[in-house]
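Shared chain: subunit A. Partners: subunit B in the first complex, subunit C in the second.
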Partner chain A sequence: MKKYILKRSLQSVVTICLVIFAVFMMLRMMPTSGYFTRDDYLNMTEEMRTVYLKNLGVLDPPLTQFKNFVTKLAQGDLGRSITVYPKLNISTILKEKIGYSAAFGLASMVISMGIGMPMGMLMARKKDKFIDHLGTGYAVIVRSIPSLIYLFLVQVWVSKIFNLPMLFYKNRPESWILPALSLSLSSIAWYAIWLRRFMVDEENREYIKFAKVKGFSQKYIMRKHVLRNAMLPIAIGIPSDLLLIISGSLIIENLYSIPGMGGLLISSIKQMDNNLVQILVLIYSSLSVIGVFLGDLLVVLVDPRIRLSESEG
Partner chain B sequence: MEELYNGIKLTEELFEKIDYDEKTSEEGGYSNYSYWKSTLRTFFKSKLSIFLVILIVVLMSFSFLYPMFSKVDPNQISLDMDLWNTKSNSANWFGTDGLGRDIWARTWYGTRNSLVIAIVIAIVEVGVGSIVGALWGYVRKLDTIMLELYNIITNIPSTVYLILLSYIMKPSITTIIFALASRGWISEAKFMRNKILSLRENEYNIASQCLGTPVMRIVSKNIIPHLISLIIMEAALTIPYSIGSEVFLGFIGLGLPLDTVTLGNMVNQGRANFMLYPYQMLYPTAVLCLITVSFYLVGNRFADASDPKNHL
Partner chain C sequence: MKKTVVWLIVLTMLTSVLSGCSSKPGGKSEVSYEDVYYGAFSADYKTLNPYFLTSAAAYTIVGNSMDGLVENDKYGTVVPSLAKEWNNNEDYTVWTFKLREGVYWVDHLGNKTEYEVTADDFVEGIRYIADPKNGAKNFSTISKVIEGLYDYYWDLDDIDEGEDIGKTREEVLASFEETVGVKALDKYTVEYTLTSSTPFFLSYLIIELFYPMEKAFLDKVGEDYATSMDTMLYNGGYYISTWEMDKLIVLTKNEHYWDKDNITVKELNFQKVGDEITSLEMFQRGELTGCGVSADQLKALKGTEWEKYIFLKDKTTVNFWFTMNFQSKNQEFKTFVNNLNFRKALLHGLDRVKISAIYEPNDPEFFIRNTIIPEDTLYDPKGVDYTDYPNLKSIKENNPYDPAKAKEYMLKAVAELTNPDGTIKGLSPQKIDMGNIAEFESDAKLPVELVLATTTDPIETKKALLIAEMLKQNLGEENIKVLVGYAANSFQDEVFSPMHFDMVDDSYSFRFADPSANLARLTTDGSLNEGGYDIPEFDRLVEEASKENDIEKRYELFSQAEKYMLENVYLMPYMTGGGSYSMSKELPYQTPKGGFGLTRFKMKGAKIQNKPVTTEQYNELRELHEKEVQEKFGKGK
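Up next, the complex of A and B:
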């Protein structure tokens, strides 16, 4: 198993490097006006702009730029923001933002697992009954309608019905409810639908029929066999979810004006802050690679079938 | 050839050579089984599917025919302030927006434009994906390179990729098509490759091969029909996603230019005036939801119907 983990880690490191390199090269095509603050850009002549860009190193060949970027990154220097928070260190900005996104992300993970998993189990148990159709209908709506639409309608209508604030305020806990719930809407459906499907698949297996014939109670079979095996594929996604919560939701943070990471990416794009866009995009991409890697590792650790076959091989 | 089978000596005279007959080779355990007929029969067994298909056909033909026959210009601005932000009435069925433009006309022009964009994306994505996927499934040498490419592309979160490309290229219809199709094709290709590999290794295909069926016949009779139904299903499912992405890009300020009439732009423009004139967002949104939900459901139901296991 150690051999497998080592091999898989090496593979992930290679993938991260390739992803970062690919994204960095794509970022070289960013409009150069994004390296100026708006006033600077308007006040400078064309030659002054070129000199400025040259001094920044933006006109160097992409590979040299990549080398410089990596050396700086290794020293812990993420560069400075240009237009969103002029001249501020990006690491300082991130430190402040990550907290909000992480808090909301964690809350929504707890909510979506807390509601989604029991919902999935209930749907599997009442297969083809009313409650199952209701849950499926919910999942269809959440998956096929663009999220912006239902998130926005939740914001304006639900806040009115329950008299909740429409925006996020740091010191008013009641204003935290709606964003946290909205963040969970689609993942509730995700957990419910997959758990239901895996449980139904699992229930039709031969060994479950055998366990029934042996006379085990339905409850025991569910708990000991069906649920355990059905949870495995879901476990793969958990590390990704955990890591990506700090990235926050672009739409929700913007709708509720939560000062988190997702809102930061949108404002950095709207205000054309190349340095900030670059760092954020690279962070998002690396996090998703790491998440997939950890998910694979987790499965090796929890699934005895894979664990055994890997250690033999 | 002296072998014992259940104690009986198998001698040459017990066997009789027959000529290859295409008709008899088609005979299966079930009489008159036709993959397409059964798929369609299973699909149209449910009333909801029939309703959804009719709904899609009606919505699509109306949105394509309306711009041809209507004389209302969706970009006609009115200078008369009384005609701004009106509620639905006999002249403007969905009312007018803040510049006096007719929302009914804009909704159908927008639906047509959004559908055209989504269909182009679906064709490019699924078309390229199927061709590459077929090569990938049959040419072993490609496997390592393609897998690494797949890892790189899919490891960049799709929203980040979409945002990045729209930021680099100027917002336009070509950008959105390129941004979505350039990421989507590889997932389609991987999906096709997996399907081809599993279809090819299926017992009945191996059995067929052992019985001497030529490869071309296996491909054309046993593999391609399955793939075509998968292609239809995948194309149907990319349409809601494309429309959703267009709405999302409009929201973060990287959408299509404001003078392009699309459902995404209408939803985002309507959202800005929602507090005062909710209907300006709700009418186009209702049409948008009808389209995405029906395509999503039809895609999924068709997927179920195309599985031969559900044919009996």
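Up next, the complex of A and C:
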């Protein structure tokens, strides 16, 4: 087990380094005009643009730039944003933004697991009954209609009916309800539908039938065998979901004006804020790699039959 | 099941009660005024560093929290701000400003700091932008205005480049006071020495680049300057009391402000609202002071109780024009565009009203503009609008759209440039490669191919297709064939920089109170000459006009240059910017007005009603304002 963890950790580090290096070099291959807006082009002369780029340090050879980036990073300096928030420290930007996205992400995860999982279990138990159809209907609607439509309806109508604010305000707790709920609508359906599916699959297995014949109660079978096995495929994804809550949601954060991380990566790529892109890629790729790693470990905990390294098997 | 039905009934009742409760404006209650302005911004205000401003949202914040030497009043005239008086020498090259005494910078808590606003602060502001290391992007607007500034900047850059210019960076920095034309004569007197005579110099001073900066404070915060509310200082009517990135920014009245009696609204509260649907809904619920109304929303609001509140905002000085590529890689177009008759055919063949209707279906004629320099912006001492000068008046007033003329000119061009068998003189078939925009075989025969570059934005695409259809109909399918080319990523990289277009349009802003603001940039070497024309006659006229100090003569000469440009169709202006539909509780025409600069965003003197301004009220106030303007400036206007 220890050996496995060590090996995987090393692999993860190598992966992250490769991703960072590749992204860094690819950003340097982009045309430098991305650093300027159309207005800049009309206002600045060719020479002034060169001066500007030179002072940003982007005219140095890419490898020198990469070396500078790594040295600074090692000293804990994340650098400053270039175009998205000119001259602002990236650490300040992240400090302000991560909290919002993490809070809403976590709330939504709790809500969607708290509602989605019992819903899935209920649907599995009442398979082909009214409640199952209702749940399936919900899932089909939520997953097939473009989310923008019902998210808008929730924002405008639900806020009107319950007299809730249309935007998020830090000091008004009632304004947190709609965004957290909206963020969960689709994942509730995801948890419910997959848990139901795995449980129904599991219930048809021979060993369950055997347990039934042995006379175990339905409740006992469900809890001890069906649920535990059905949880397995879902559990793998939980750690990375949990870690990546900080990435935020583009649509919801925009709709409710939450100053979170959603859209930050996209806008930094669009505006060629290379410093910001690098740091975000570093963070997201590290979290994904760690998430997958933890997911594998979690599976061992949930299901003792699984061994991670052959030598111990 | 019964329970569900009961719940449904309860919900329905609740909805109707609540919607009945929501406040409906427009009652006959008495008008009172509010203390807080609730505004919205959609794009991020990226930075509030006064020298790097990019968006209107940021202009509003900085315009209200910082003052320069002068500002505009509600009639658009220049009035004293931090400078209480000024004078200039005879040829307008040396300007001296006497500052108001006892004005102090305040911090983000609204407390007076130890720093007084002195003449040095204005010198430091220029020193800051003059260092290439600080990267002030708009610097070129003023780099050639102040004596010595241009050389100072490039000396520093040469040194940074590692070139030996016989001086060290420190020596150049130390020479600032002697070489650059801005000096603090004493604590309250600042003097600017200019490179050439500039009678309109005052209009430069409302550009952020001339704003003061407290050096001692800058040294304290260093590179973090203006990245948060506590790393900047304020000397305007408001200070920033809350700044949550991408969320909320609150400006609170500065109790130490020199003109605090005219700060009528105590707090300006701007929050980020992601889209126009939300902002309209919030306005209707009374959560915002005003909101824009899009063309679609306008349709939806027709016939509702809200219709009576919708008004049309004034046009701006932003101008849209078509650029033609005189050096096109497309040989057929290149041959034709260098022929005046063909350019006239294009000029008369474009229906501006139809194009404008894409943006503003209800009143498209209102937005047509046929001149390069915007109307209602520049007035000579007699109050005559620059665009009403004899050279331009008829161009300004006559929409050139005329299909019959277009066809006539096209046939003339065809007769001059083609052989009887339809082949174009002097050309042979060739492959044309315009990168991502277009790639085709030119057969060196009629119809002439015209590559119209556009973006994948739905409105832009619609506009391009409309123009293509217009030209086909008005110039004849047998004569012209429009190829619409789409730039998918960067318009600058794919279209403008490599000149991969035959015709393209864009909007251009106007930056200070002189025709040279745009005309000097449109010369053969100018930065706005994106079509690569070569017009020595125009260059000569602009140069001559730039040297003239008498405003009337100056305008006369510039209008001659502009007339030359427009009559020879080197450029085709067609539409103004701005003028969107809006609803608001803020009374119009109370705050500083202007076509450019920062002070037009000031909320000085603003009045916010407790109910939305009706269209009727808006029009009454506009008439009143126009009457006042007329009385103020005399009959010329």
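The working rule: the second predicted complex is superposed on the first by the 264 of 313 C-alpha atoms of A that agree within 3 Å, B and C clash if a C-alpha of one lies under 4 Å from a C-alpha of the other, contacts with A are read in each partner's own complex, and residues count from 1 in each chain.
One rule holds in what follows: a residue touches a chain if its C-beta (ideal position, glycine included) is under 8 Å from a C-beta of that chain, and two chains touch if they have at least 3 such contacts.
Quick caveat, the model's predicted, so the values are computed rather than measured.
Q: Quick check for you: in the superposed arrangement, does A:Y284 touch first (subunit B), second (subunit C), both or neither?
A: first
Q: Have a look at where A:L73 lands relative to subunit B and subunit C in the superposition and call it first, second, both or neither.
A: It touches nothing on subunit B or subunit C.
Q: Mind working out whether A:S147 is in touch with subunit B, subunit C, both or neither, as first, second, both or neither?
A: first
Q: So, A:V158: does it touch subunit B (first), subunit C (second), both, or neither?
A: In the superposed model, A:V158 contacts neither subunit B nor subunit C.
Q: More residues of subunit A in touch with subunit C or with subunit B?
A: C
Q: Looking at A:N254, would you say it contacts subunit B, subunit C, both, or neither? Reply first, second, both or neither.
A: A:N254: touches subunit B and subunit C.
Q: Touching A:L27, do we find subunit B (first), subunit C (second), both, or neither?
A: first
Q: Report for A:I131: first if it touches subunit B alone, second if subunit C alone, otherwise both or neither.
A: A:I131 contacts neither subunit B nor subunit C.
Q: Report for A:L265: first if it touches subunit B alone, second if subunit C alone, otherwise both or neither.
A: After superposing on A, A:L265 lies in contact with subunit B but is clear of subunit C.
Q: Of the partners subunit B and subunit C, which touch A:N89 in the superposed model: first, second, both, neither?
A: So A:N89 only meets subunit C here.
Q: State which residues of subunit A lie in both footprints, the one left by subunit B and the one left by subunit C.
A: Shared contact residues on subunit A (touching subunit B in one complex, subunit C in the other): 31, 152, 156, 254.
Q: Considering only the defined contacts, which subunit A positions touch subunit C in the complex?
A: Residue positions touching the partner: 31, 33-34, 36-45, 47-48, 51-52, 54-56, 80, 83-89, 92-93, 96-97, 152, 155-156, 160-161, 163, 165-167, 170, 254-259, 267.
Q: Mind pulling up the subunit B residues that touch subunit A in the complex?
A: Its residues touching subunit A are 148, 151-152, 155-157, 159-160, 163-165, 167-168, 240, 243-244, 247-248, 251-254, 267, 271, 274-275, 285, 288-289, 292-293, 295-297.
Q: Once bound in the complex, which stretches of subunit A touch subunit B?
A: Per the touch definition, subunit A meets subunit B at residues 15, 18-19, 22-23, 26-27, 29-31, 140-141, 143-149, 152, 156, 244, 247, 250-251, 254, 265-266, 269-270, 277, 281, 284-285, 288-289, 292.
Q: Per the contact definition, I'd like the list of subunit C residues that touch subunit A in the complex.
A: Listed in rising order, the residues are 11, 14-15, 18-19, 22, 44, 46-47, 49, 52, 54, 132-133, 135, 137-141, 154, 157, 160-161, 223-228, 244-247, 271-275, 277-278, 281-282, 285, 287, 490-493, 496-497, 506, 508-509, 521, 527-528.
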